[in-house]
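This is the structure, below, for whatever I ask next.
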């Protein structure tokens, strides 16, 4: 079975998905839609598909699935619309920045029975997936402590930050999802601290650039998250998990792994310069999982519920930063 | 100049210091004292020194310095006594488990003008010292985030735990000192969470075995600490520091660094089995620094004040665990 | 410009190239030919191209280039035929197992002015290419010593070995090309030793499975090569180069780079299981370089001459094994 | 039992042994002798021993063992003299640069029944010893191929080179001993190539600075050795062994193992600056093994025979360089 896709939104992340779909033997990109005609046209030419309006995609019976890469404030509307149109929906995170809106949207999806998958790409990274597999295989015993280090090479433009919902909802949300993916138990309490160390303009925009979080579960499992909007050495993405019988870790990835030795020491090149190259394999595996869910007529994971819970953790973290206390997830959700 | 030492307390850590003194070209171990005659005798034979009573050490004019490795509840008394006797004092951490007692003791030391050094050995580890040197040399720019992972191979006997003052004062206290050593600014707020995941008996003794801490400074610098009383792969001691211009990290150490490759993969041996072998070089450098301070007639570091501040952070952390909120150090000190 | 390709030979390595062509934005696979109709059909379906005979490919004006992945004893004939037909030719190594035949073939290519590229894929591995780039940038000063370790996970079937020309012409030939790629000066002398340690059947087939080689250049530069037909831990492919001012090395690659720590130590997974996964990126870059040469109307590298010289080194090595002495390349070429 | 030592020769390597003896609980340095009174005096003061003449050491009944660190051309005479005097003898390599002289010396030692140990310190490095232990435990199956990389940080003074016997007898001899230590079978054939790449003055002195060697055994096991007198990144000392079931490797050691990451990449400090710091643990273990042999009344290893065989391999290698052919050890020994 080949799944026919329409891509909604032909920006940076849209192009990443277009390439992943084109490279898949089980998927075909048949249509692309974007408010900017030029952006849509570029993708259409690169992968030999049609430029369509949203309305045309909605009514085209040959289209099985849509990939939503439009601006965040359109996500929930588009999910609802295409779920109702009987199409499988893959939506970039977040579903919405407002929890109530997310809940409503998920209610609509449930009514329609549509397949919905949320784009937490890191679950599909082969290294992080192998960490999870090692846990599932019992290699380290019951999980006790998770440590996630997640740092961007440099801060985004202030304009992006202003519409991002803040670092906790924009960046840490990926780590909240990874924490849930790895802890083996729902985190029920959040403590977070956040400050502005990288760029005062980020603070002036009402956001932070440096974040530390501790999540805890009912049984006492702990997860630490460390975020920064700046790492001069590249896109820093590491995970380690301590269990009762051992530990497992996924180290950073770099595009070229040579080492040069001279009188100053031994030097390896910087890490990947950002998520497009760091997670190339993850994006391909993510689309493959979505296609497999559609083909199998099964719920996709990460689900809408996963999107909801990660957002709720972000909201709890923001409350914790403001009130300087541990916040129960039950205060939020 | 050769400094003549008496060792007070010939237990496990006492023997470590005895060896470090014996190996130093500028120090000589001339006396050892222990409530258990056999323990003192063993050290005396190994290093060719005399067995003495505490009183004899106090009045022996030839003894320049004492190393206090007796049980914790005797530390403050011995520090005061030997400071008054005009001897330089090296005391294993902690000075005392009670902040008020520590303050009084430091007052006495100040009056006498004695040299006092507190045994935070990790500052002298060549790898951690190199991390600090890299910061001081401006290699990573201003410090922003510190991450300390510190895990014991296995939990101590319950009897030890009962008299230890709890994991925060016994184990995390080393990490609090390292945080102060590396942050470049005093931490002023502590958030800590602690749970019992390793052994319920530890919980029954009123203590915890798994701890996550976030320290913050006035300018927003952050330090995360992760502790466990169990790491099956050995004594896990890592530090990493993110700065505005780069990062520096000290990896784990192992006694033998071979790698065996076969069909199951590439395997390196476990880490050191505990602090005596992991910090061999640190203990030697620590005594050398103490001897240098005595010879130079200068204050030693880490100082009594360093001991006081690390303990205060531990007390603040304990309050944070209980009240599930960020605690200001000013509430404690 | 899009280059239209025909694939000649749809076996294991043929499929690797078919995928690389399909993934390229500048290349299109339009035809596939194979003596086994089923093999051709499989590729045709996977990538949407036609099944053709060799004759049809030869006369099809729309086909710009052929990729020769047929059995070794057909390579030279096909190169000559398609060079005369005005098509660019990419040929898997070796051009032929007989030096005289190779020379004749290269003469024909020269007459026709056709683009010919020989499939020494390792030059295009991003890590090995970065080693060469570091040398070219002067990072290590003039090259002095090269060390190449190249081991297969396990021996091929005896049938393969019997028609392979022997380990020196089949396996070490890649290392001879890498040596030439990295030494910065033509090796002019070869010493080789070879033995049968892996499987006596390989010896009975007249071949070896374990090889050590030293190449030297006129100025005294040295290159060591270590080959085995068996490495239980995976496909072992390493290079290191010592220069007057430093050294550069490319380490092994593995598909998943996690590390599991427990009481037995720290374990990383085995390496790639063979060349198809290890050199995925190299095969893509190789086709891209071929397409660029065609588009630019320029000679391709590695050239036919590179194929000739690597084979001559293999022949010299075989003579060295037999006569237990250093053999001058001028005795062969 | 405490073994009383006299040190003959208080130069660079003599001081290394003096420190190892002083640090041992079972050994005591009681005398030091050197043609230069100042050198002897320095050691005497540092470790509290007497300055003696060679004659005094010979007749002093309280001295159990001598450590010979005098110039090479005195080694054989001193070994014979002290063996006859009933003392255990530890001699730095080589016994002599002339094979016939070595054989005669070993004959004398055999007659006297004296304990003789030759200073191939690398066998006692904990990492290399662990490589051997892994082989002995069957972790990698039967040994097939050994690779030894051994490079000095920089060339010695020309004066040293002139009296060294040449790089093969001075430097590669350590690698010949390691090859024998690890191959599990005597190497019976040597091929070597050598050139002058580092400093023309070394060539003018009749020596080489860059060497590649292949050793083979009767059953076809192979060992590659790569030497250079210059490695800008420090003292490069690596070993790897391929067996039928796996491989084992010992990586380089560095005094400080931090890593600094910035926009240029990830940098670790250079390696040890030379053998005194790289092999500190090995020198201590070497003396401990010698003491244990004396205490147990047993032959010591590496033995005089080991010294003889390593020298014979060096002589065979030199002949191979000259005649550009594989040389049988039986041509030499």
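Read from first to last, the chains carry the letters A, B, C and D; within each, the first residue is number 1.
Simple rule for what comes next: a contact is a pair of C-beta atoms (placed from the backbone, for glycine too) under 8 Å apart; a residue touches a chain by one contact, two chains touch by 3 or more.
Worth saying up front: this structure is predicted, and the values here are computed from it rather than measured.
Undergrad: Counting hops between chains that touch, how far apart are chain A and chain D?
TA: 1
Undergrad: Looking at B-C and B-D, which pair shares more C-beta contacts?
TA: Of the two interfaces, B-C and B-D, more C-beta pairs touch across B-D.
Undergrad: Farthest chain from chain C, comparing Cα centres?
TA: B
Undergrad: Where the CA atoms of chain B average out and where those of chain D average out, how many Å apart are those spots?
TA: Roughly 39 Å, centre to centre.
Undergrad: Where the CA atoms of chain B average out and where those of chain C average out, how many Å apart are those spots?
TA: 57
Undergrad: Two or more other chains in contact with one residue: find those residues in chain A.
TA: 231-233, 245-247, 261-263, 269
Undergrad: Any idea which chain B residues touch chain D in the complex?
TA: 23, 25, 46, 126-127, 130-131, 134, 139-140, 245-251, 253, 255-263, 269
Undergrad: Using the touch rule from the top, collect the residues of chain D that touch chain C in their complex.
TA: The contact residues of chain D facing chain C are 144-145, 147, 149, 151, 189, 191, 193, 195-198, 210, 212, 214, 216, 219-222, 224, 226, 228, 230-233, 236, 242, 244-247, 324-326.
Undergrad: Okay, in this complex, where on chain B does chain C touch?
TA: Residues 231-233, 261-270.
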